[in-house]
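Each of the two complexes below includes subunit A, the first together with subunit B, the second together with subunit C.
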Partner chain A sequence: MEEIVFGIGITALAGALATVAGAAEDTESDIGSQGDPNSQVQLAPQMGYIHRIFNKAVAGEPPAYGLWVALGAGLAWAFMAMQINPILAIVLGSALAVFVQGVYATTAYLGRTASLAKFGQPVYIDILKSMTTVTMAHAFVAIFTTVAMCHLMISALGHPFPLPLLGLVWGIALGAAGSATGNPFYGKERQYQEQKFGAGVPISASGNIVRYAEAGQRNSLDNGFFSAKLGGPASGICFGLIVFFELWRTVVFEPLAAGWGAVIVGVIVILVFAIIDRYIEVWARKTFGPYTAPEEASS
Partner chain B sequence: MSVKIEVGAGGIPHNQILIYGLVGSLVLIYLTYLNTITNTQYFAFFGGLAAVVALLWGTDTIKHLCSYGLGTGVPSAGMIALGSGVVGALFGATTGILAPIVAIIVAAIIGAVAGVLANNVVRMDIPVMIVSLTELAIVGAMTVLGLAAMACGTFEFLGMITGTTVILGFAVQTYEASVIGGSIIAVIFMLGAIAIQHSFNACLGPGEKQDRTLMLAAECGFLSMIPVAIISFAFIAFLPALVALLVSVIGWIYTYVQYIALSKRDAYAWLDAKPILEPKGGA
Partner chain C sequence: MSALGGPKQTGGIQPPTGMGLVLSIVLIIVALALAFLLVQMAGVIALVGIIIGGVLIGFGVHFVPVGGAPAAMGQAPGIATGVAMLAAGAGLAGLFGGAWAAPLGLPLALAGGAVGGGLLMAITCTMVNVIYVFGMGIPAASGKVAKDPITGDTFPEYKSQGTEGHGLPFISWVGGVIGGALGGLGGTLIYLELLDIYQAQLPVLLNATVEQIAPVAVSLAGIFAVGMFLMNAVLAAYNITGTIEGPHDPKFKRFPRAVIAAAAASAVAGIFAIALLELVGVF
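So, the complex of A and B:
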């Protein structure tokens, strides 16, 4: 019994770490317009919309975070193998992984922007100076919490995988959660405020992203501010729930039916969430429905 | 939505880069064998240099493959390259001194099968698909083998599955503390997969220039060497790992500075804290 209570405590702690990781990951990727918002930021200058948005296309978020977290975990593993204290090892590993992330971000922005010279998009060096550091800070939070979570799974819950492999798996999961949950907030609610509500994004509006702010010109830090309010917490809840349910079913139901208990509970959890998702989708379609013209006020 | 990919013309022909890449990475990987001959570990960094040369070649291959309109397919090309490559590299590593050659042959077979499947079963019908995936698989194998050799000082399987750990003051050989047992191979896989796709993914567009893209490929290669050099402190002696770290850092700084200079050359304008330059005639 005591073992299960201890396991639940670790599960809750890992879930909390994952929530922080998800929130930081989505904010980081939105500041850099990584993931699916990237195609419109990349397209904008070609349609004549010169902008001051950071465009760091390293890869999709899942592979990119697969690398950052696996790298942080691998370096932490190596430092622990050199008999360095685990906490210090995880901090050092995450810091070095963030260095690699920052370098990739700068080369991506320079390369993409220099290749758009034909359309008159200049390289704004101040974007690199001010925004790379902000994405690096958010990436550090995301990497550190995920690697710490993986270390907890191994040292406290006895997970059989080595730290770098667990980091790779959870890094890809983190990137996928942030990409699937957080990006729609940024893409539809922030990038396309130029379009009328409910108008969708017709082909003729491609690349017409928001470039000017309430006062002055918008840059990606404003997008980070927005993401930290909506998309980030949503991604955090998503990734936190994934980690929590994954560990919870293992800790509590592993002893049942020689391990099959955890598998069956996993399937049940997926089914329950599928039903909830379907219900919300149908409810949203019925409530908000297809776009209709507002009724004319009768005179 | 997919964005049309345009690539710059001219530059060094692809076949020339292919030959330099294949021969160069093979020779550089074999230079790590000097470790076994001279019974030291100072030559481990040649594995990383082999990966850099292979990545240069792989970048040019990806550019050829993805100029057929594979916008979001650029990162996927990197993944399939390293995915096929890691199988070839690990199979090759079991054959002792023949490892790099066997890795190339096995990876080429896997890549060709993947290419045939992509063209004939998935029906992507891209003319250069089979050749490109074969090349990419070889590049992936050489990258994995090179970086793994850099981490543990040898490209032989026995060296990759045994590490040394200290228990109660005694040095003990274990599987858990090795490159494969500790899953450092997973880190190498991701380092290679992101590095191989990044240069073309970052430089694509109508203003793409071959020298800038290849300089970025070299930069990605040296950047990937830095963490592998740091990890290698856990496997090889202090001084050889320090040599590897110095080589990677110097190579990285040189290529990074060069890449920024080339970006400055190609950019429309290089501005610091200036407002949006609206094009003449308005958007």
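So, the complex of A and C:
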């Protein structure tokens, strides 16, 4: 019994860490503009819209986070093998991984923006100086929490994978959850804030992203401020729920029915989410109703 | 992937070419023969398991509704990320569950892997709809079919002007869960087959007990499973070219080509994974 209570506590802690990781991951990717919406940031200068948005989407979020978290986990694992305290080892490993992220962000911004030179897009050095460190700070939170969560899974729950491999697996899952949930909010609601609420962006408006803020030109810190209100927390909830239910069904229900308890509970959780999803879908159809064209052109 | 460019997205069935088919069968037979020569019957069984796992991954990716960049602007239905990325996230979460349940036997580990992958997709797809509905006020609408094959919901009147649809209709949600489950199942199968091989070979090679070599065997099998997962997911993504809405999308019918390619690629990659220790032993 004590073992199960301990397991539930670890599960809750891992879920909480994952929630923070998801929120930090999405905010980091929005400030750095790494997700799919970055296609518009790359496209805008080609359509004549010069902007001051960061641009580092040389890799998708899942492989990028797979690399950084695996790197943080691998270094932490090496430090632990050197008999360094696990918490210190995870902090050191994550900090070193963040420097790789910083180098990645810098070279990606310079490379991608320089490729737009023929369209008149300048490389803003002040953007590089002010925003790279902010993405690094958010990346540190995401990497540290994910590596700490992986360490808990191994040391407290007894998962057989070594720490670097678990870091790779959960890093890719973190990027997948964060980009899936957070991208539409950053892409549609922020970059196309001028478009009508409650409708998709017409393809004809592609590239015409919002470039001006309350005062002066909009930059990626403004975008981070915006997406941290919904896209980030929603990504955090998404990743937190994934980690929590994955661990919870195993820790609590694996002793039942010769191990099949975990599988049955997993299927039940999937069915519960099917009902929630269907409810949301029907609610949206009833509440918003069919699409009606705006009276004046929105783009 | 861009809303403005990209290859022409042809729907419908694109059958594999005769040349590709013959080449794939030859590659698979050669790989099976090599497996028999190097590791005898156990090698053949493991390679068959790896090929089945690879085929399940390649097939499963076609179910996952992925809208890529256009989905991030509400211009196309699906999840706003890459095909291979999302499938890998789900499949690897499944592998995590499957590897954890490995000591409880093959059927339970495979079921655990499938449920793990399905669970990630169920939660992710639901949260995508939460963002679309509560964050952006956009109801789901498919661009490929007029009616949801499961719920019977109609879509044309909900589709925003100038877009191909948006959000995740229920059929796409179901497709995502099936895709995640198949990916988790395939990844776990590859992992378990390789783990068996390494647990049999490593003690002889290193002159150690099964317990002593367990971390090495688990790490090797795990990293090969992750690698083969990504390989098959990317192969399937090339077959899809860009975006897919799920099992109701006309592009879904292209899956035979990806299945054959996944089988051949898994056979070739699998023989390297299986023969790795034999080769190490030679040197």
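As a convention for this text, the second predicted complex is superposed on the first by the 289 of 299 C-alpha atoms of A that agree within 3 Å, B and C clash if a C-alpha of one lies under 4 Å from a C-alpha of the other, contacts with A are read in each partner's own complex, and residues count from 1 in each chain.
We adopt the following convention: a residue touches a chain if its C-beta (ideal position, glycine included) is under 8 Å from a C-beta of that chain, and two chains touch if they have at least 3 such contacts.
Small disclaimer: the values here were computed from a predicted structure and weren't measured.
Touch test for A:Gly231: subunit B only (first), subunit C only (second), both, or neither?
second
Applying the document's definition of touch, where does A:Ser115 land relative to subunit B and subunit C: first, second, both, or neither?
A:Ser115 sits against subunit B, while subunit C stays out of touch.
Quick one: classify A:Phe161 as touching subunit B (first), subunit C (second), both or neither.
In the superposition, A:Phe161 touches subunit B and subunit C alike.
Is A:Leu96 contacted by the first partner subunit B, the second partner subunit C, both or neither?
So A:Leu96 only meets subunit B here.
According to the contact criterion defined above, which of subunit B and subunit C contacts more residues of subunit A?
Counting residues of subunit A touched by each partner, the higher count goes to C.
Looking at the overlay, what does A:Val58 touch: subunit B (first), subunit C (second), both, or neither?
Once the two structures are laid over each other on A, A:Val58 reaches subunit B alone.
Classify the contacts of A:Thr107 with the two partner chains as first (subunit B alone), second (subunit C alone), both, or neither.
It touches subunit B, and subunit C stays clear.
Would you sort A:Leu67 into first (subunit B), second (subunit C), both or neither based on which partner it touches?
first
Of the two partner chains, subunit B (first) and subunit C (second), which one does A:Ala16 touch, if any: first, second, both, or neither?
In the superposition, A:Ala16 contacts neither subunit B nor subunit C.
Between subunit B (first) and subunit C (second), which, if any, makes contact with A:Ser39: first, second, both or neither?
both
Find the residues of subunit A that appear in the contact set with subunit B and again in the contact set with subunit C.
Correct list for subunit A: 39, 43, 60, 63, 161-162, 165, 168, 206.
Subunit C touches which residues of subunit A in the complex?
35-37, 39-40, 43, 60-63, 159-162, 165-166, 168-170, 172-173, 175-177, 179-189, 191-192, 197-207, 230-231, 234-235, 237-238, 241-242, 245-246, 249-250, 254, 258-260, 262-263, 266-267, 269-270, 273-274, 276-278, 280-281, 283-285, 288, 290-291, 293
Under the stated contact criterion, what part of subunit C meets subunit A in this complex?
Touching subunit A from subunit C are residues 1-4, 68-75, 79-82, 85-86, 88-90, 92-93, 95-97, 99-102, 104-105, 108, 111-112, 115-116, 118-120, 122-141, 151, 153, 157-170, 173-174, 177, 214-215, 218-219, 222-223, 226.
Could you please specify the touching residues of subunit B with respect to subunit A in the complex?
1-3, 71-72, 75, 78-79, 163, 165-166, 176-177, 181-184, 186-187, 189-191, 193-194, 197-199, 201-208, 212-213, 216, 219-220, 223, 226-227, 230-231, 233-234, 256, 259-260, 262-264, 266-279, 282-283
Residues of subunit A touching subunit B in their complex?
39, 42-43, 47-52, 57-60, 63-64, 66-67, 70-71, 73-75, 77-79, 81-83, 96-97, 100, 103-104, 107-108, 110-126, 161-165, 167-168, 206, 211, 217
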